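Accompanying notes for the structure given below.
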Amino acid sequence: MKKEHMTVGAIREIAHRIYEMKLFGTIATEVKMPGQFLHILPSHQLQPLLRRPISISHVNQEEKELTIVFRREGEGTTLLANKTPGDTVDVLGPLGNGFQVEEVSAGDSVLIVGGGVGVPPLYDLARALKEREANVTTVLGFENKEAMFYEKAFQSFGEVFVSTVDGSIGTKGFVTDVIQEKNISFDRLYACGPVPMLKALETNYPEAVGSLSLEIRMGCGIGACFACVCHVQGDASGHDYRKVCSDGPVFPWREVVL
Amino acid sequence: MKKEHMTVGAIREIAHRIYEMKLFGTIATEVKMPGQFLHILPSHQLQPLLRRPISISHVNQEEKELTIVFRREGEGTTLLANKTPGDTVDVLGPLGNGFQVEEVSAGDSVLIVGGGVGVPPLYDLARALKEREANVTTVLGFENKEAMFYEKAFQSFGEVFVSTVDGSIGTKGFVTDVIQEKNISFDRLYACGPVPMLKALETNYPEAVGSLSLEIRMGCGIGACFACVCHVQGDASGHDYRKVCSDGPVFPWREVVL
Amino acid sequence: MTALRVELPGLDMKNPIMPASGCFGFGEEYAKFYDLNVLGAIALKAATHKPRFGNETPRVAETPAGMLNAIGLQNPGVEKIVSEKLPWLEQFETPLLANVAGSQVEDYVETATVLSQSGKVAALELNISCPNVKEGGIAFGTDPDLAAELTRRVKAVSDIPVYVKLSPNVTDIVVIAQAVEKAGADGLSMINTLTGMKIDINTGRPLIANETGGLSGPAIKPIAIRMIREVRRQTELPIIGMGGITSVEDVIEFFLAGADAVAVGTANFINPYICPTLIKELEEWMEAKGYHHLRDVKRKGGWA
Amino acid sequence: MTALRVELPGLDMKNPIMPASGCFGFGEEYAKFYDLNVLGAIALKAATHKPRFGNETPRVAETPAGMLNAIGLQNPGVEKIVSEKLPWLEQFETPLLANVAGSQVEDYVETATVLSQSGKVAALELNISCPNVKEGGIAFGTDPDLAAELTRRVKAVSDIPVYVKLSPNVTDIVVIAQAVEKAGADGLSMINTLTGMKIDINTGRPLIANETGGLSGPAIKPIAIRMIREVRRQTELPIIGMGGITSVEDVIEFFLAGADAVAVGTANFINPYICPTLIKELEEWMEAKGYHHLRDVKRKGGWA
């Protein structure tokens, strides 16, 4: 965990309002697992004030290179999207706990489900699982064809299915529709995306083994401010909690209340 | 008077923390007299919030080119100094009333006195007066040698004397010391610089004919907010006022209370 | 355009956007940039009974996402305003909201009387943030009884609706709102500036000659939104919302909080075209959302 | 380093800079970035008598040059804080200022008693911004009598100095400061957050689950500076100043306003190294100015 000015490498718009950016710096050498994230300061002025959490999509340790993929949403991600190669950005990272790939064995059937900007952290997860010789299937959900990205990238790890809300490509509907339609079975399930998607998966697969990654509004990003807590499932006291930034953002299924 | 995105041309540091910048746009074609100013928005973020008043130093109407010279002071001028050619800046201008060169006749002895970043608006004034065949003498005051600029530029209009507070170049002391030392006499006196300098001139030359240009903290820059008013000399009611932004920034000697 | 029409007491506005008092003078400067007829209304610079020079300079200072001002109610006095400023404004069909200030109740009453009788303004806006000289400097706007008394006295002399402009420098703004409502206010304007200070670290002295100034601009928007929502929950009075508006998203946020119209202050200094720009963008936003009336926006905020 | 030393009641600080309560947890996270011994003091996250989960999420939202938070005093309860958090902090020589919260007087008294008797904290900081459940939700910090009563009761059980942390959501902060001074407060912390709100224009609902949140960050600095100067003029009590500090210039501005030490809150989230950075920069600034003691800075602000 480190605060560093990383250097921006290539940046390109890979889908409608979706940007892929390379960042160079020693933070890359500290990444331990897929699913960790960066806390990025988009500006050195007092506005916007706070850092933005963005997942690490891919690490190249030798090149000290990180890849992030983000949607141009509000002020912060717009400033980020306007960076040009050679610019520096103030980055805190790597933060949080990611996906434990050690729990997967060769030959396991693994289903990876990503929705929208929940897709990026799953990229290095899929790669790692493929390396562990798991049978990887990926289901990616997007708003529409224009917003789709990385569906080709995931094909190098296994079969890929896509759903779009408007049906402009792939199955019309949600990721859960694809899984049912294609009758996909799995030993392990990994997911990242909007909470309604995660909830639908939890409802449909109440016994799922694996983990999910959560998004929540953050302050510090390092566990100090308690902005990002969530309840723990089955906690009778009501006081038990997990911090998404430092305990997560990746949690086993059914550990936290979605 | 217009709000426009002007294009930044050449920008260079011409003295310690002093930048000269070219700006292109139709505002250049609307400049009426030397001493008018621009109200420049240094950032499109909410911080820094307000525009910065910067004098027009030189106009090239055909090229639609303005020259400004400013000191990197705080947040706003630092952002401005970091612009690169091709960037655009949001400019409101030309604003205010400048120096009335029509009041000067051929052969008049004119003394131009500038202090620090009060020097820039005097540049096109000197040029205009020279064109009217006045005998121009210029006295420029700076903190020290490193902060000195434009002393050569003014030489094309007449004799130039310099004072520095630390004596690192020219006469040690203030502009008033130079005028006394060199025994400079004049029919008309034009000045721009810190208020203490203007006050010293007013005290030393209580009969001076000509005008001075004032600096004051501004809001709107166009006469609407009443941030920039000053008292009128000899006003018994106490209610009389001038707005520096729209009545000034240039006033005849002894019109306003310094 | 009809989708943006708003009818408030005295103010028949073709859209809900007006410049805020003190940030637009008496309109002359901005008329050089655009036709003032496009505005929903115009809140005029404060009028006092006697002419006032106001405070010494510097009168403004910049702060993070905000600014301080201590203009000190500089104005030529209500008589001159009526004789010299309002006639020029009569060329526009835009309703005028005349801001009234003073340091004792009598000042307000005198000023309100003159403005109301002028036949040139559509409504009054009582600026109750001014310190009451008789009561030892307590601002009218911080004491519910003083605020109510002032409202009552002005209502008694005014033939036109009276909006009371609330100060945010209070423990409980709802109490003040309810007090002036009971006293007969026809509407509320909120919020005025928060008292702040900036010290120049080079001199060790406050940067504003008056020492303190009023904080405006985006920095105060969350406070304005909170207060408007608090007050909206407790009163049916129309609310003209203001405090930090710079974008159409901000305008919408004010409606969602419970405002019925909005005023734009500081942003005029940044962009002289801000009011017409926001009017255009609001219309576009409503069209894109399929909203037919501002009521649809307010309904989304939970207000029927 | 000696030039930066400050001695306040209970707090022997090697420099005047501490992290603010709630923005630094119990120090563990920031200890991964630097040695906490460099800090002048540490203001701990609020402790309550019973454990609290706090509010639902989202608990934070960004605003222009500021942020809203409604954490809701999440903490494991004072017993666990004393048994599980304070022992770890004992490895540092830095004095601890324990923030105390509650919803009735008895809660504060219980919590203060436990903390005072723990022998592990140097002073208490009473967070009087919490709503008093018994008095129907009026915050202790907005009523001078409640604030004084609370101070008196806590002073009665505390062997260590008691700082009272003032709420800025009041009409007259001087009245509250004077009330707690009379009630025996050893010092003041100011300011806590201003109540604000942000509405999500996509949902029409407040962005913070709790609806309102506390506004902190640079946006509120002018209000903090104004209030500290107002209070400094009327009391001799030491003041720990806070509200929007992000730079060494801000730190100096607080001293010029009348603060005796400063706390840094929100800025820790932007730059985890902010406190050590400010300590270093303050020292450099003083050296460059030829100041030998913080008194020299305060003198420049008009305070002897």
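Each chain carries a letter (A, B, C and D) given by its place in the written order, and its residues are counted from 1.
One rule holds in what follows: contacts are C-beta pairs under 8 Å (C-beta built on N, C-alpha and C of every residue); 3 or more make two chains touch, one makes a residue touch a chain.
Heads up on the chains, UniProt names are A, B = Dihydroorotate dehydrogenase B (NAD(+)), electron transfer subunit; C, D = Dihydroorotate dehydrogenase.
Just so you know, these numbers come straight off a predicted model, no measurement behind them.
The set of chains in contact with chain A as well as chain C comprises B, D. Ranked by how far their CA centres sit from the centre of chain B, the chains are topped by A.
With each centre defined as the average position of its C-alpha atoms, the distance from chain C to chain D rounds to 34 Å.
Centroids of chain A and chain B (each the mean of its C-alpha atoms) stand 55 Å apart. Residue numbers of chain C whose C-beta contacts span two or more other chains: 64-66, 217-218. Each of the following residues of chain B touches two or more other chains: 46-48. Contacts between chains leave no pair untouched here, as each chain touches all the others. On chain B, the positions that touch chain D within their shared complex are 46-47. In the complex of the two chains, the chain C residues touching chain D come out as 63-66, 68, 142, 169-172, 194-199, 201, 204-206, 211-212, 215, 217-223, 225-226, 229, 244, 249, 252-253, 256-257, 300-302.
Contact residues of chain A toward chain D in the complex are 1, 3, 41, 46-51, 92, 216-231, 237-239, 241, 246. Chain A meets chain B in the complex at residues 43, 45-48, 75.
Residues 22-25, 28-30, 32-33, 45, 51-54, 57-62, 64-67, 69, 71, 74, 76, 217-218, 246, 266, 268-273 of chain C touch chain B in their complex.
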